[in-house]
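The following blocks contain the structures, represented as structure tokens.
One chain, chain A, appears in both complexes that follow, with chain B as partner in the first and chain C in the second.
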Partner chain A sequence: MSGSGYLLEVEDLTVSFATRNGTVLANDGVSLNLRPGETLGIVGESGSGKSVLCRAILGLAKGKVTARRIAFDGRNIDEMQPAERRRLRGSGIAMVFQSPMSSIDPVWTIGDQLVETVRHHKAISRREARVEAAALLDRVGIASSARRLDDYPHQWSGGMLQRAMIALALAGNPRLILADEPTTALDVTIQDQILALLMSLQRESGMAMIMVSHDLGVIAETADRVAVMYAGRIVETADVRDLFQEPQHPYTAGLFASIVAGSGQDKMLMPIPGQPPDLHSLPAGCAFAPRCPRVRDNCHRTVPRVDTTVARGNACLFPLSEALAVEQRQ
Partner chain B sequence: MTERASKQPLIAVSHLTVEFAVRSGFGGFRGGARPAFRAVDDVSFFIYPGETLGLVGESGSGKTTVGRALVSLIRPTTGHITVAGKDISNLTRDDRQALPRAVQMVFQDPYGSLNPRFSVERTLAEVLSFHKIVPQVEITAEVRRLMETVGLPASLAASQPRQLSGGQRQRVGLARALAVRPSVLVLDEPVAALDVSIQAQVLNLLRELRATLGLTMLFIAHELGVVRYVSDRVAVMYRGAIMEIGTSSEIFSTPQHPYTKSLLAAMPRLVPEKRSRPPVLSTEVESGIGQGCRFRARCPLAAPICATEPAVVKLSSTHFASCHFAA
Partner chain C sequence: MKTEVATPGVLERIAREVGSWSFTLKLGLLLMTIIIFMAVFAPWVAPFDPELQDFDVILMPPDLTHLFGTDNLGRDIFSRVIYGARLDLSAGFLMTFVPMVYGVPIGAYAGYRGGWVDMVVGSVTNMAIAFPFLVMIIVVVAVIGPGINAIFISVFLLGWTMYARLARAEMMVERTKDYMLAARVLGYPTRIIVLRHGVPNTVASSVVFSMSDFTLNILLLSGLSFIGLGIQPPTPEWGAMIADGKEFILQAWWICTMPGLAIVLTGTALSLIGDGLARRLGSRHGSAG
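On to the complex of A and B.
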């Protein structure tokens, strides 16, 4: 363990893509920390950069990645040899993707894919790996696992395939799982099963997790801390309870006002006006300014940044809590 | 399933069954009886004028098939659908061409259902002139009026679908459906592909249109919160059949069917608390429908009696559930 006590440290990560219409910053100065065993929820809408962030951490992002530092367990990933970096994937950090149907090879049996992955992490025989593969399927709740190893992916439902994906991720005993919208493609009752599975695996193994979701309900049930992303930047970070009780960034507050809570019809939804930003032509200053109800002149001049060294931070010149404090003082 | 003596229903679906032929690999070459998959199995409901009925269910529940049958994109295998008293289930081709004006459909993916080469203006003008909704000279004005109705700025008239955001495209889809001045809208997952902040815009627009235009709607969605927000009544489907139907408050506050209860319990709550509870249902949907209640393999209340098909139990004048234990 490093001196900082963090399992994962990301400082000032920028991912850019060159497109026909110019350079696009999919991640712009993203910083975050994660302690062992902790779950960080990342919330954001499409194009906010949350998936790119996960891929960049794994070293799989397609664009140009720069960062002051990305460190896993105190070791700077940039300074690792390629072989060490490959080992990190899977046995240090593993990823669960949104769509199991497109991440699992349709022409191989489930068992083949698990055996290959197990043997990638451990020098053992095919036969031994098969036993371990069945044990992994047991762990993720697939009944009569030994028999089902010979099934092809098309014979499994979406929920079962997502379990298989989780089994693949567990094969290397990772200390951090990046779960990118792991339940978005699933039905409500199956989502419920997968979330219960992920949480119980985490309790058993003590692994840390980054849970990426657009669904604040999923975040509420899984995260210890939350980072809210907008237009490639983190705009707010907080303990999950603080965030839900008192969002500080106007975008976070807008998200909460846009979703149908349990109260249903009684509460009128208050949508965020306007459209999500086009990364090709971001406004100067705060990217949320054109849609923000609290916008003032200064917002168009500088890009506010979150201070991620503090427990609670927001990238807003006029955050909500401050206004509240001022009102209360008066 | 509902009775309301005072008003005539605008839409009446009775004993609707839709079967699809299953092509089973090489078996198709060998001839013999093709097995049929019953996507919708004896579904009946009414929708009253000005009312919004929400249709909820997981994938494979048959909710989209019901919607498609309502706009005559699918012909019922058996059963009847009447719109304003007219039976539309066995229309001739010519009859059907006259029909689409009454019932219009809005699809989930506006990108896939809009012509990528047509501007917003052309998309709408095409519909107006094909159905001769307004005289040629008034088409431009009518396009502007439609765009305004759905909250699209006139400056986007020349834009093509790829230049629009998801929310804007869904507004175009809505404007196109409204162009023929329908009395009924069938909306199939209209906000599922949209970001949360845009979802809310479209949902509010739908509520507004319902109030101003007096539209009758069948709102199909898998997300319960969204359905509750726009629906007067809600029907819950499971594997081709309606399990429970009732007013929004009956379904969401006093659900009686174990499947409805499971769906509601499985929904993530907005309460920040790390979950430690076991899943609501431990099993997945199994293949093949046997005898009796179709939910019994997953049902927490399942008992021997469930091997017989449950009757529809009347719980109030608006609330019905298809379960042996509903009371």
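On to the complex of A and C.
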């Protein structure tokens, strides 16, 4: 364990893609920390850089990646040898993807792939690995797991495949799971089951988790702490309860105002006006300024940064006071 | 519990697999099985020694003793066609599947890696495809003399490129899919990703193409033997037999026709298998979505 006590530290991560129309800043100065066993929710709309962030942590982002420091368990990922980095994937950090249907190889049976992965992490015989594969499927709640090992992925439903993907991720006993919108492609009834499964597995094994979602409900259910992303930057970070009780950044407040609360209150939905900015050409100041109801002159000049070293931080020059937040929600 | 973990009935799996085959595939496989059976058991199936010259029965038309007739040296054409199948099938097989074995991984790797690897492989395949094959084989024949080895060398040098192309094109599509990324996230090295997950997903079009390629290679071997660059007489080979018979085509049509029909039949069987496989492999990929 490193001195800082953090399992994962990301400092000032920037990911950019060179495209025909110029450079796209997918992540701009992202910093975050994660303690062992903790769940960090990352919320933001499509294109805000959530998935790119996950891939960058694994060293698999496509574009140009720069960071002052990405460290897992106190060790800088940049300085690792390729073989060491491969070992980190799977056995240190695992990932669960958005669309289970396409993230499992269609030509091998579920059992083949589990056995392959188990044996990749442990030097055991095929037969032993098969027993272990069945045990993994048991753990993720697949009934009569031993008989289903010889099924092909196309014989399974999306929810079952997502369970299989989770089983694959568990095979290496990872200490951190990156869940990249793990429920987005699933039926609503299945979504809760998968989330509950992830959380119970996390309790069992003490894994840390990064739960990426655009769904505030998912975040509320799973996360201890939340980072809100907008246009490739983290704009607010807080304890999940604090964030939901009093959002400080106008964008976060806007997100809450634009979701359907199921309680039957006569509350008007308040969509955030305008569009997310074009990542080719971010506005000079705060990226949210063009859509912000509280915008002032200064907002167009300086880029506010969030301080991630404190428990509660926001990247806003004029954050909402508690009173205003209450007013906004009424 | 323990017994359940063992692999379930292999026979049942095979039966289910065969049940999903189309009529085309079954017919093609049946024909091919018969042809291969006759070739393998040629000494028992063929009624005569293929090189036995019997001057009492020169240029005999087909009858019950000599099913396909006899040639100008009194050799039994039916026996020669059967023995010829041994050579044509095994040579065609090697000419098709040896290049496939390295062509597909090369193409899959190029498609997976992209960048300069892809550019090099792409340039080499384009050059090889543009290169006239006959010129290649004439060069090789000039160096090591005519015969099957010259054909093998030329085909092994050039034949892999079509497979590399097909696999590369499919890999370009496959590599963007999440399961490729998932494999990397699980920490697999590139070698495993390309060979275990890339090749099986990109090989379908190559397998279908290999059936046409097999036919083309048999035709190539026959064609080269026909013009004297391939198998040398008196070894029975379909193309060489057709070449032998061309002087007698007006008096004895069967000398050319019978080996010709053997080529047609083999080609038909392979094409049927190719069509059937295209449908079979296509449908599995379709239902996987």
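For this structure, a couple of remarks:
By our rule, the second predicted complex is superposed on the first by the 319 of 330 C-alpha atoms of A that agree within 3 Å, B and C clash if a C-alpha of one lies under 4 Å from a C-alpha of the other, contacts with A are read in each partner's own complex, and residues count from 1 in each chain.
Everything below uses one rule, namely that contacts are C-beta pairs under 8 Å (C-beta built on N, C-alpha and C of every residue); 3 or more make two chains touch, one makes a residue touch a chain.
Computed from a prediction, not measured in an experiment: that's the story for all the values here.
When the two complexes are overlaid on chain A, chain B and chain C sit side by side with no clash. Contacts of A:A94 after superposition: chain C is touched, whereas chain B is not reached. Contacts of A:L168 after superposition: chain C is touched, whereas chain B is not reached. After overlaying the two complexes on the shared chain, residue contacts for A:L58 are found with chain C alone; chain B is out of touch. Shared-chain residue A:V131: touches chain C; no touch with chain B.
Of the two partner chains placed around the shared chain by superposition, chain B is the only one that A:S157 touches, whereas chain C remains out of contact. With the two structures brought together on chain A, the opening angle seen from the C-alpha centre of chain A toward chain B and chain C is 80°, to the nearest 10.
With chain A fitted onto itself, chain B and chain C come no nearer than 5 Å, counting C-alpha atoms only.
When both complexes are aligned on chain A by C-alpha atoms, no chain A residue touches chain B in the first and chain C in the second.
Every residue of chain B that touches chain A in the complex is listed here, in rising order: 58-59, 165-168, 195-201, 203-204, 222-226, 228-229, 248, 252, 262-263, 265-282, 284-285. Note for the complex: chain C touches chain A at residues 1-2, 4-5, 7-8, 177-179, 181-189, 196-197, 200-201, 284-285, 287-289. Residues 55, 58, 60, 86-91, 93-95, 97-99, 101-108, 116-117, 120, 127, 130-131, 134, 146-147, 149-150, 152-154, 165, 168-169, 171-172 of chain A are the ones touching chain C in the complex.
Chain A contributes residues 39, 45-46, 157, 159-160, 187-193, 195-197, 199, 203, 214-218, 220-224, 240-241, 243-244, 254-255, 257-262, 264-265, 268-273, 275-276 to its touches with chain B in the complex.
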